[in-house]
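Please go over the structures that come below.
Each of the two complexes below includes chain A, the first together with chain B, the second together with chain C.
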Partner chain A sequence: MIPHRLTFVLQLLVTLACAAFLLVPALASMLAGVTANYFQGLRSGLTLRWIGEVLALYSGTIGLSIAIALGTLGVTLVLGVPAAWALARKPSRLSRLVEEVVTLPVAIPGLALALALILAYGGFRAFRMSPLFILVGHVLYTLPFMLRAVMAVLAAVDVKALEEGAASLGASPLQRFFHVVVPNAKGGILAGALMVVTLSIGEFNLTWMLHTPLTKTLPVGLADSYASMRLEIASAYTLIFFVLIVPLLVALQMFGRALPAAPAKGGRP
Partner chain B sequence: MRSADRLAVLFLAPLFAFAAAFFVLPLAELVLVAGSGPNGAFEYLAILANPRHVQTLVATLALSAGVSVATLALGTVVALFLARTRFAGRALLVSALTLPLAFPGVVVGFMIILLAGRQGLLGAFTQSLGMDRLVFAYSMAGLFAGYLYFSLPRVLVTLMAAAEKLDPALEEAARSLGASRLAVLRDVTLPGLSPALIASGAIAFATAMGAFGTAFTLATRIDVLAMTIYTEFTLNANFATASALSLALGLITWGVLALTRNMAGTGVAAAG
Partner chain C sequence: MKPRTGAAVTLAGCGKTFADGTRALAPLDLSVAAGETLVLLGPSGCGKTTLLRIIAGLESPDAGGRVLFDGADVTALPIEKRNVGMVFQSYALFPNMNVRENVAYGLRVRGVGKAERSRLADEVLEMMRIDALAERRITQLSGGQRQRVALARALAVRPKAILLDEPMAALDAALREHLRGEIDALLRRLSITAVYVTHDQAEALALGDRIVVMREGEIAQVGTPREVYERPADAFVASFVGTTNRLEGTVRGGRFACAAGTMALDAPDMPKAALLFRPEAARLVLDPPAGLVLKVEQVQFQGARQKVTLCTPDSVRVVVETPPDLEIAPGMLMGLALDPNRFSLV
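Entry: the complex of A and B
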C-alpha cells in the first residue's frame, strides 16, 4: 500500500516528536553534568568537576548498588534456573500456580511489597539495617524475570527430547541438568541475568523504603541529589548512572532479540 | 523418570521457601496490620469513607487511564510508521525510542524537571519566543508527562513487534474492495493489533498506578495513591491506613494485569 502523503508526514512528525521528548532531556542531562554552569550554557566551558564531586559524595552508593546487583544476580541464578527447569518440565496445574505466585511481585507495586517486608521483618534490627534487606527486596522483584526468560528458552528448544537422549545413555538427572539443560538454556539465562542486573541497579520504589542511612544505593542517592544538590551535580550523578545502565540496555536489546518473542508464554500448555 | 521428579522437587524447594518467607508471609502481615488499626477490619471501609482518600484514588485512576490512552495512541502511530517505512537511520531511531526503557522513575522525574521545570528547556524556549516561562513539572501535568516518558518505550517495544507481524495483504485486500483508509484502520489494522494494545495498555496503566519514584522526584504534594501511602506510612506512622491502601493498590494493578493477560495471552512485566 502506498502511504498517503499527509498521513505519512503526520506519522513522521509524531515519531520525531516522541523521539525528541525521550532523548532531548536525557542529552541535556548528560551535557549539564559536564558543563561548568548549566544556566550560562556551553559558553561556561566543559568540566569534570561535578563528576569528581559526585564521586567524592556518593561513591559508596555506586559500590553498594553494584554489589547488590551482583548479589541479586547470584541468588536469582541459584533459585531461578533450577526452578525454571522444574516448572517447565511438566506443565501442570501446580506449576502454573507456583509460576503465578512467584511472578506476582511484578504486578504488585514496589511500595506495597516494601511495606509488607518492613512490617514483617522490621523488628529484626540486624537484618533491617544490613544491605541484605535490600537484597531480599531486589530478589523478590527480579526473580520472575529470570524465571520467565529461562522458561521461555526451555519451551522453545525441546529440551525434553535431548534429556531423554541423555537419560538413555545413562546420565543421572543431575548430570542431565548441568550438561544438557543449562547449556541449552544459556541464551535465556544470559538475557535473564542482564535483565536482573539492569533492574536491580535502577530499582527505587522498593529500595527507598528499605534503605537506611548506611545502606544507600545509587537511585536512592540520585533522589537525594535531585532534592538537595545543584543541577550540575544531579546531572553528573545521572550521567554516571547512564554510563552504568546504557551498556546493559544495549546488551539486553542485542541478546533479547535472540529470544523467542513472547517470553511470558513459556511454560504454558 | 522418577529420580528426575525427585530432583525437580528438590529444585523447587528453595524457591518455595523464599516465596513463603519473603512474599506470602509479609503479605499476610500487611493484611493483618491493615485490620489492626482503630477501625479494625473496617479499615478498608474507612478508606472509602475518607473523602480525601477517595479523591486520591479517583485522581490516580484517571491519571493512569489518561496516560495509558495517550501512550497507546502515540505508540500505535509510531509503531505502524516504523514497521512500514524503511529509511536510513531507522535502526538508530528505534534504539533512541526504546533506550529509556530501564530508566527508573526517579530519573524520569529528573528528565521532566529538565524539560519542564523551573529552569527547564521548554521554559527557556517559550521565554525566547516572548511568552511566559512554561513550567508544569511539579503538578499533575508533570506527572502525566513523566508517566508518558516511562511507558512510551515499553509500549513501543510490544506494539512494534505486533505491527511487524501484521499481514499487509489483508489491508490491501480491504482497500481493493473499496474500504476507506479510516475503515481499514478501524476494521483491519487496529483489530490485528488489539492483543498487543490490550497487553501494553494494561502495563502502562499498572505502572502508572503504582509508580512512586517519579511522583517523589517531582513533588511530594501531588495527591496520587503512591504518595499518600508513603506519607501515611513515614510521616503519619499510620500503618493500618498505609497497609489498607497498599493492598487496594496491589489488588487493582494485579487485577488489571491478570484480567488482560487472560484476554491478550501475554504477560509482559510491569517494571520500575
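Entry: the complex of A and C
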C-alpha cells in the first residue's frame, strides 16, 4: 500500500514540476505586464498603466493583425473551399500534384517565402507599401491548412456520391456546391477557419520580412517592444496577445477533438 | 398518387472506354420499353453499373454511342437535365437535411414553393409508408429506412425513368427479401420505367420484366426471367443464374450420347455438345430402361422435396430435386428423364 502511495506522490510531483517549469515563465511574463515595477516585484503593486501604454502605442498593430487575419480568412475561404471541392471530387495524379504544390509554403521557411515575394513583387511600390503585401504572404502560408481541413471532411462524407445524388435530382453545379457541399463540409471549414486565424495572428517569420514601418502587425510590434521598450510594456503586450490567441487555441482544441467523431456520427446538433 | 408511365429508353452503340484505356463496355444496343422493369445482372466488373451510369448521364458513352429517351437524343445532356430518379448503392442521402427535406430537394431545385414541396414530399413519404420519419435526421435511420427514403426521394420528382444501382447490397438477407417484394409492387403500381442493377440472381428473377445478363462488358443474354432461367444462352448464364447441371457428349442422328447413356432429342448433329438443365427440370425413374443412367451418391431430405446428388460413370455430378415420395438411397442406379422444354444444348 505504502510503496504504491509513494509512487503516486512521486509521479504527481514530477508532473507538477514539469507543468510549473513550462507555466511559470508564461505566468511571470503576464504578471510582469501588470506589475508597477518589475525590478521591485509585486511589492510595488499592481497596475493597468502598462496595458494602457501598449494600447496607446501599439493599438494600430493589434487592429492590423485582426484585419489581416480576417482578410486572410476571407481569401482562404473563397479560394480554399472551392479548391478543396475540386480536388476531392476528382482525385487524380494532377490533383495530388496540385495539393503538394499548395502545401509547399508550409515546408519552406517563412523568411525564404517572404524574400521570394519581395523579389517578385517588391517593385510594385504601392503594393509593397500596403498591408495587402502581408496579406498575400499569410494567404500563401495558411491556404494549405484550410485546404487540408476541408478535403478531409469532404472525403469522410463521400462528397462525390452526395453530389451525384443532388445532380440526379436536377441540381446545377452551383446549387450542389451551396446546398450539399458547403453544409456537409461545415465542420472542416470551421476547423480550417480557426486554424487560419490563429496562424495569421501569430505569424512573425514572414511578416517580419514583409512589413514596413507603417504596416506592423502584433507579433512584429511585440518584437519591437521587446527590443526598445521597458520590460513591463513588452510584458503587457504579451498579455494582450494571450488574450487574443488563447480563446482561439481553446476553440481549435475543442473542435479538433469533436471533428473526427463528427462524420461517423453524422450531423452535429 | 396517380399511376404514371415513364419514358422508353434506347441505347444505340453505347460503349465505354475509360481514360486509362480499360474497356468497361463493348458498344451495345439495348432498349427498355416504357413502364418496363429491366434488370442488369452480372458479376462485379461486368459493366452493369457503367451502363446504368450512361443511361443516367453520369458517364458519357464513347463517340458514336447515343442515349434516347422516348426517341429524343439526350446523349449530350448532363444528369441534372435528364429528369431521371436515381437510387445509389450508398443512398447518397444528404446528412445536412432531414428526411422530408431530402425527399423535397428535387422539387426545391425545380423552384417549387416551400409549402407545396413539403406537401408533395409528404405524399410520397405516405405512399412509401415512412411518413412517421419525416422529421428524422438521416443518421437516425436504419439501413432499410434509408433505402426507402432514397427511393422516395428519387420518385418525388416524377422522373422519366428510375435507375437503381444495387439498392439492397448494404442490407441483410431477410430485409432484402422483404423489400424486394415491396419494390416490385411499387414499380408495378407506378408502371414507371425502371433499370435495376444487381449481382443477386434471386433479386433479378423476382423483379425483372426482362433480365440482361452481362459478362466482361458484353451482353450475354436478354430475356424474361423464365427464359433466362430455363433456357440460358450459354454456360456462363446457366452457371450465374441458379444451379445448373452440365453433361458433355455428342449429338448424332437425333440422339445425345454421353458416358451415362443416350437420350433422344431434336437437334442437328454436333461433335461436341453440352446438355444444361436445372435440378427441378429432371425426374428420376426407378428400374431404368435404356437411357441416361446415373448412380445415387447422396440424398438430402428437405421436407417438401429431396435433393439427390448423382454421379455418371465418368464422375460428373448432377443434382436433381424431386418430390419426396420416391424412396431413394445412395448406391441405387436411377434413370434420368428430362422435361422436353426445360433444358438447353450448347
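Note that the second predicted complex is superposed on the first by the 242 of 269 C-alpha atoms of A that agree within 3 Å, B and C clash if a C-alpha of one lies under 4 Å from a C-alpha of the other, contacts with A are read in each partner's own complex, and residues count from 1 in each chain.
By our rule, a contact is a pair of C-beta atoms (placed from the backbone, for glycine too) under 8 Å apart; a residue touches a chain by one contact, two chains touch by 3 or more.
Source: prediction; values computed, not measured.
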Fit or clash between chain C and chain B when superposed on chain A: fit
Task: Could you say whether A:101 touches chain B, chain C, both of them, or neither, answering first, second, both or neither?
output: first
Query: Can A:214 be said to touch chain B (first), chain C (second), both, or neither?
result: neither
Message: Applying the document's definition of touch, where does A:9 land relative to chain B and chain C: first, second, both, or neither?
response: neither
Task: Applying the touch criterion given at the start, work out whether A:184 contacts chain B, chain C, both or neither, answering first, second, both or neither.
output: second
Statement: Of the two partners chain B and chain C, more of chain A gets touched by chain B
Message: Is A:172 touching anything from chain B or chain C once the two structures are fitted on A? First, second, both or neither.
response: both
- prompt: Regarding the shared-chain residue A:83, is it in contact with chain B (first), chain C (second), both, or neither?
  reply: first
- request: Would you sort A:161 into first (chain B), second (chain C), both or neither based on which partner it touches?
  value: second
Query: Which of the two partners, first being chain B and second being chain C, lies in contact with A:24: first, second, both, or neither?
result: first
Task: Rounded to the nearest Å, state the minimum C-alpha distance from chain B to chain C in the superposed three-chain model.
output: 5
- request: Could you give the residue numbers on chain A that contact chain B in one complex and chain C in the other?
  value: 167, 172, 265
Query: Tell me, which parts of chain C touch chain A in their complex?
result: 56, 58, 78-81, 83-86, 88, 90-96, 105-106, 108-110, 137-139, 153-154, 157
Chain B-facing residues of chain A, complex: 1, 3-4, 7-8, 10-12, 14-15, 18-19, 21-26, 28-29, 32, 38-39, 78-80, 82-83, 85-87, 89-90, 98, 101-113, 115-117, 119-121, 136, 139-140, 143-145, 148, 163, 167, 172-174, 176-177, 198-199, 202-205, 208-209, 219, 222-223, 226-227, 231, 234-235, 238, 241, 245-246, 248-249, 252-253, 261-265
Task: In the complex, go through chain B and note every residue touching chain A.
output: 1, 3-4, 6-9, 11-12, 14-16, 18-19, 22-27, 29-30, 33, 74, 77-78, 80-82, 84-85, 93, 95-107, 109-115, 119, 121, 148-149, 152-153, 161, 168, 171-172, 175, 181, 206, 209-213, 216-217, 226, 229-230, 233, 239, 242-243, 246-247, 249-250, 253-254, 257-258, 261, 265-272
Query: Along chain A, where are the residues that touch chain C in the complex?
result: 157-158, 161-162, 164-172, 175, 179-180, 183-184, 186, 265-267
